[in-house]
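There are two complexes below, and they share subunit A, which is joined by subunit B in the first and by subunit C in the second.
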Partner chain A sequence: MKLFSTSSRGGRIGSIAAIATVVALAATGCAATNGGDSGDGGGDSAGTIAFLPKQLNNPYTDVVLGGGEEGAAAIGYDSEVLGPLEASASAQIPFIEQATQQGTKVIVIAANDPDAVGPALQTAREAGAKIVAFDSDTNPDYRDIFISQVVAKDVALIQLEIISEQIGGSGEIAILSATATATNQNEWIKFMEEELESNPDYADIKLVAKVYGDDDADKSFQETQGLLSSYPDLAGIISPTTVGIAAAAKYLSTSDYKGKVALTGLGLPNEMREFVKDGTVQEFALWDPAQLGYVAAFAGKALVDGTITGAEGDTFDAGDMGEITVGANGVAIVGPPTRFNADNIDEYDF
Partner chain B sequence: MSKTMTTTSRGQLSRRLIGHDAVIFYILITVVIISMITVNYFASTLTVGFLLIQVLPILLIAMPMALVIVSGEIDLSVASTAGLTSATMGVLWRDSGLDIGTVMALSLLVGVLCGAFNGFLITTLGLPSLAVTIGTLALYRGLALVVIGDQKVASFPKELNAFVLSKIGNTGIPVMMIFALIVIAFFAVLLHFTPFGRGLYALGYSPQAATFVGVRVGHAKFWMFVATGVVSSMVGVFLTLRLASAGPDNGTGLELSVIAAVLLGGVSIFGGKGNIPGVVGGVLLIGTLTYALRLAKVPETALIIVTGGLLVLSVVAPSVIAWGKERIRLNRVHREVQGQNAPGITRA
Partner chain C sequence: MSTVTHAPAVPRSNALKRFFTAREIPVAGALIALILVTYIINPRFLSPQSTKDLMLNATIMVILAVAQALVIITRNVDLSVGAILGLVAFGTGTVFDMFPTIPLVLVFVIGMIFGGLLGSINGMLVTSAKVPALVITLGTLYIFRGVLSSWAGSKQFFSGDNPKAFGNLSVDTLIGIPIITIIAVVITVAVAMFMSSVRSGRDLYAIGSEPDAARLFGIPVGGRVLSAFIACGALTGLAGVLYASRYNSVGALTGSGIELDVVAAVVVGGVAIFGGSGTVAGAAIGAVLLSTITGALTATRVDKFWQQAIVGVLILAAIIIDRVVSLRRARKLRVNEAKDV
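And then the complex of A and B:
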């Protein structure tokens, strides 16, 4: 008899614990909602721009988003950053759906996969949102305009040029990329491969391996380690992703290969500064990522206002960046890449 | 044994009402009501559609996973199986010229093979499922990359892509939920109403005892892993059509969401305990909570802390309660034994 009474008391303790959980969760939920509301109550905003980077907490992304928020503020829009913690194809979809449900006017997205986000973006468009792709394009069917950092071919070629200068025009090179399906990296790699094939200046350079660090610092670090042990004659590494080049530089700087194996690619000056100063890396390239977000915000406004449709030849005002013209396939180019080396790196802070 | 029987017959209803699965549903309903009141935009049919489509892959795989965990095993390779299925489906569709129905059927075969391979290693060779499926988690994902490389196939029939996202009338409920209900019903009946299902509980409690009472241990386990493989493949096909894109990375990370939801739903990681309604509740609870918190603009970093904390709590709470009960029982036994011994001091 006693047993029964004690066991049901145990059950009650369980229910009480459960109810306590609910209350706690509800409290967080309410607190968050209130926070969100006060954020929204910023006055007569023209609408909201939702920025969907490939993933959050990526230093490069943070700079792009910083520019985007600046741009949104300049045109009187609220901005909101939504995104997954990991860069996978399907992880962005819930956030597109969230933006749709919130009636966001402009969705600015860097696609992890050009097609996987398509159906969700289609739904968002049907609900009235304008879609601006930036940094990494979606399938052109699913967006109004694509804001590209630079001409993809220029980005690919500048990296080849730098590596060729550093290894003296001959030797084995390898590529440390982001994910195996990343749109922009794959496009650059394709251009690099074509140029290596066709340009006689690069006849003695041999691309021996392409590895993928998945934009994860640890994995990129290990892939670099793997490359150097598998290819003892490796003369240089190109890493066309900021996470990759930083991880590779970190490995090289503490290994015997420091200064012997050349490393270049696309990096952030703030992350690469120590490696440029300690001689691990001589020179790398990038555009100013903040401009990308800034222009994307202006493009979104122009689309909402109906001044452009994303057709070739449309022009829109992009604040400090002047007037920007939309090219073929709805692609607008922001600017040429910049080379960073020991001489100029201290002039940049991003 | 007789004590348990009496408890069951005495308080079956009240036990149901305070059982883990019931508590999960109370929390779920509370979360839904609070969200409807406090979270902007939550109370709409859009929520139903987006939310159910988002949890569908987890819900589907959680069914066979619940059975696997009840039987005291685990399968970590589910997401990779889905990825390999997606990759295979993409390549078949692009290169083989077969019609989409045949391609989908052949893709499901991938799941059968992946599951059978897991089952073979675990039952025939007697290896631990944790070790085996950590291996096949990497192996199947690797094979997916070999099959399709860094390519994507996106040319699936548009009608089919639209179909998997279509809703039943204007209820907002995705048509695919009908399919999910069939899968749920199948596994619920299998676990709760067949000798096979009871055998899985017995296995989870004690494989040795189960063998003695005549459960064909290897046989049961083997088919569990095949079932997990097949359902994972179905999810692979679903994800491919839902994303309109076949790639090697489809479904990445899904295995942990599935296992988290199954455990939250009251299935014991040590095996032998849990039921299908609880698991359905667990999946819906994590899904709804995540959805509502996102809509309430809770930062993603804080969100994983909330869901992680909830999971830890759900695993810890039953253990703490069981520990408390056990303490009370031991105290009582101790007192009874002392009481019995008191008259016969001479024996000591």
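And then the complex of A and C:
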């Protein structure tokens, strides 16, 4: 109220707003020119690859992006990381628009929502950008190729295998996932459900609940507590997300359930080391995230060069990772998942 | 608007009446009802482990709500607490990284001083700029979060990096009650006593009721408001240290969004959002109620959407109760004055 009560203050605010607008315009103008330069010049750089992770400042994302930057450097591209601080469906859209305006040649994106980013990606493609989805797919209509860490089914199955080993092949299990709309987690969960139904080895394992911790430490913590207090006979938890498994492990390690309820899923070795060593978690799985970014950069180059179009059967060179073949629906697979346990966890640092 | 209620020596019947008309009572009643209903649906809700979890979950929120209530009572608000908590939590991880053998007490002292400093920035801006605290602290919320983002980047400190004794603080119990919960209760009682019986505590109510009148009356409004922000920052800093002890990792996003939960807890606990009335005990009960709702709904497997909707309904209920109570009280005051003539 007081803020706008006097005309002089109102005027001052107006002028501040005006200055801010000018600065913003200048900044975007500069950025656009820069993008144009690198696109036209083509002297020392072949162009720019924009990486749009689900969110910034996420340790997993950081490893992926590290690999991406390495890959971009190897093929002579500049790399740029754009992204929101929070993993929400619409937060990525302004960054896609920014990349488009800068004339970025390749946009590498891990979608928070397969459809929300669609229209913005469509505009980017019309402006000439190639779209590489990685980590979490967009709707296939909106991208040229999807770089998948591993075969989704393998990821799902390895987690089931581990939990089955730990609970002795029978008992109640629950899943602690990320957001209810996360593309990759939902796909793995679907495979797990199908496998539980069809595979006679898992006939005695019953999936009693699926809960969502929204990749938030606090929420994942409370969802774990809720699972344990509402299912007294729970034998194991699968958490196919790095935030979820770490929060669940921290909770288990400080509760009466430590050692009684098995926990596995997808985790980062650095984050899980403590819990593997204190016996809360016996074994979990993941791929090497750096390879994902690395291959995505090479796929982007192949698309720009016209070597591939993302059609089934296309092959492209992925540097140290060798030759990679595009499968059905424009999905290219990087490698098999790795199991981490007390014996090998110290060999990994990410 | 809202009246300051002193607690002079009143006859017993009045004391009883005051007890039942106090704003904390409906909140405490709702809390008890919630626990009973959940217990009937799922008896494991009150198992020893689960009870301990409920107390631990509420602890950090209680400290934050008490801190926030101090500021809200002066007709201000501190929206930057989420970022302050994040900065202090990450700072705690950094301190342990640099000095692994540092005494734990010193870590708490550093955390509270750090939080107090951040709070004093808010306090000085609010008292000198004469711009509503809502705007100032919204600004510092983004500034503090931005500083944390550039400081932390994607670096995280995991509970494994901290000394074992530090992590154990949020697990160890004394006669079944977690130690950090006892700390929170002691803080609530101490601040409640300060607010109800110390002169400068009463001043905060006067400032919140009518800042101009308080100034005319000779209360150093600027100094008191500044102190409230510093105290809020210091207590939030304490919560930040406890956060680092309780959760598995602290990083750039630690505590984001928590400020609105805190304000919700304070309002649900019967503290008027425009200041001048309510108690820190009420705010603490509000915090326990909100965190217990989350626990109860997850224990009874109710959809999470309802969780947020219920919090919303509680906030509206608290505001309506506040309005009805203050209207009734104003009418009663008028009637009494008329009788005296």
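Keep this in mind: the second predicted complex is superposed on the first by the 307 of 350 C-alpha atoms of A that agree within 3 Å, B and C clash if a C-alpha of one lies under 4 Å from a C-alpha of the other, contacts with A are read in each partner's own complex, and residues count from 1 in each chain.
One rule holds in what follows: a contact is a pair of C-beta atoms (placed from the backbone, for glycine too) under 8 Å apart; a residue touches a chain by one contact, two chains touch by 3 or more.
Small disclaimer: the values here were computed from a predicted structure and weren't measured.
Peer 1: Using the superposition on chain A described above, determine whether A:315 touches subunit B (first), subunit C (second), both, or neither.
Peer 2: The answer is neither, since A:315 touches no partner chain.
Peer 1: Of subunit B and subunit C, which one touches more of subunit A's residues?
Peer 2: B
Peer 1: Just to be sure I read the superposition right, which of the two partners does A:98 touch: subunit B = first, subunit C = second, or both, or neither?
Peer 2: first
Peer 1: For A:256, decide between first (touching subunit B), second (touching subunit C), both and neither.
Peer 2: Once the two structures are laid over each other on A, A:256 reaches subunit C alone.
Peer 1: Looking at the overlay, what does A:56 touch: subunit B (first), subunit C (second), both, or neither?
Peer 2: Touch status of A:56: both partners.
Peer 1: Does the superposition put A:86 against subunit B (first), subunit C (second), both, or neither?
Peer 2: A:86 sits against subunit B and subunit C alike.
Peer 1: In the superposed arrangement, does A:341 touch subunit B (first), subunit C (second), both or neither?
Peer 2: A:341 sits against neither subunit B nor subunit C.
Peer 1: Residues of subunit A that sit at the subunit B interface in one complex and at the subunit C interface in the other, please.
Peer 2: 2-3, 56-57, 85-86
Peer 1: Where on subunit B does subunit A make contact in their complex?
Peer 2: Of all residues in subunit B, those touching subunit A are 3, 7, 10-11, 14-15, 18, 20, 23, 26-27, 30-31, 34-35, 38-41, 44, 46-47, 50, 54, 145, 149-150, 152, 154, 161-162, 165, 239, 242-245, 247-253, 289, 291-298, 300-302, 304, 306, 310, 313, 317-318, 321, 324-325, 328-329, 332.
Peer 1: So in the complex, the part of subunit C that touches subunit A is made up of which residues?
Peer 2: Contacts found on subunit C: 42, 44-45, 47-50, 53, 57, 130-132, 135, 149, 152-154, 156, 158-160, 167, 170-171, 247-249, 251-254, 256, 294-295, 297-301, 304.
Peer 1: Taking the complex as given, what residues does subunit A use to touch subunit C?
Peer 2: Subunit A residues touching subunit C: 1-3, 56-59, 61-62, 85-86, 209, 211-212, 217-218, 221-223, 225-230, 232, 246-247, 249-250, 254-257, 270-271, 273-274.
Peer 1: Residue numbers of subunit A touching subunit B in their complex, please.
Peer 2: Result: residues 2-4, 6-8, 10-15, 17-19, 21-22, 25-26, 28-30, 32-33, 35-37, 39, 56-57, 80, 82-86, 88-90, 93-95, 97-98, 100-103, 113-116, 118-119, 123, 139, 179-181, 186 of subunit A touch subunit B.
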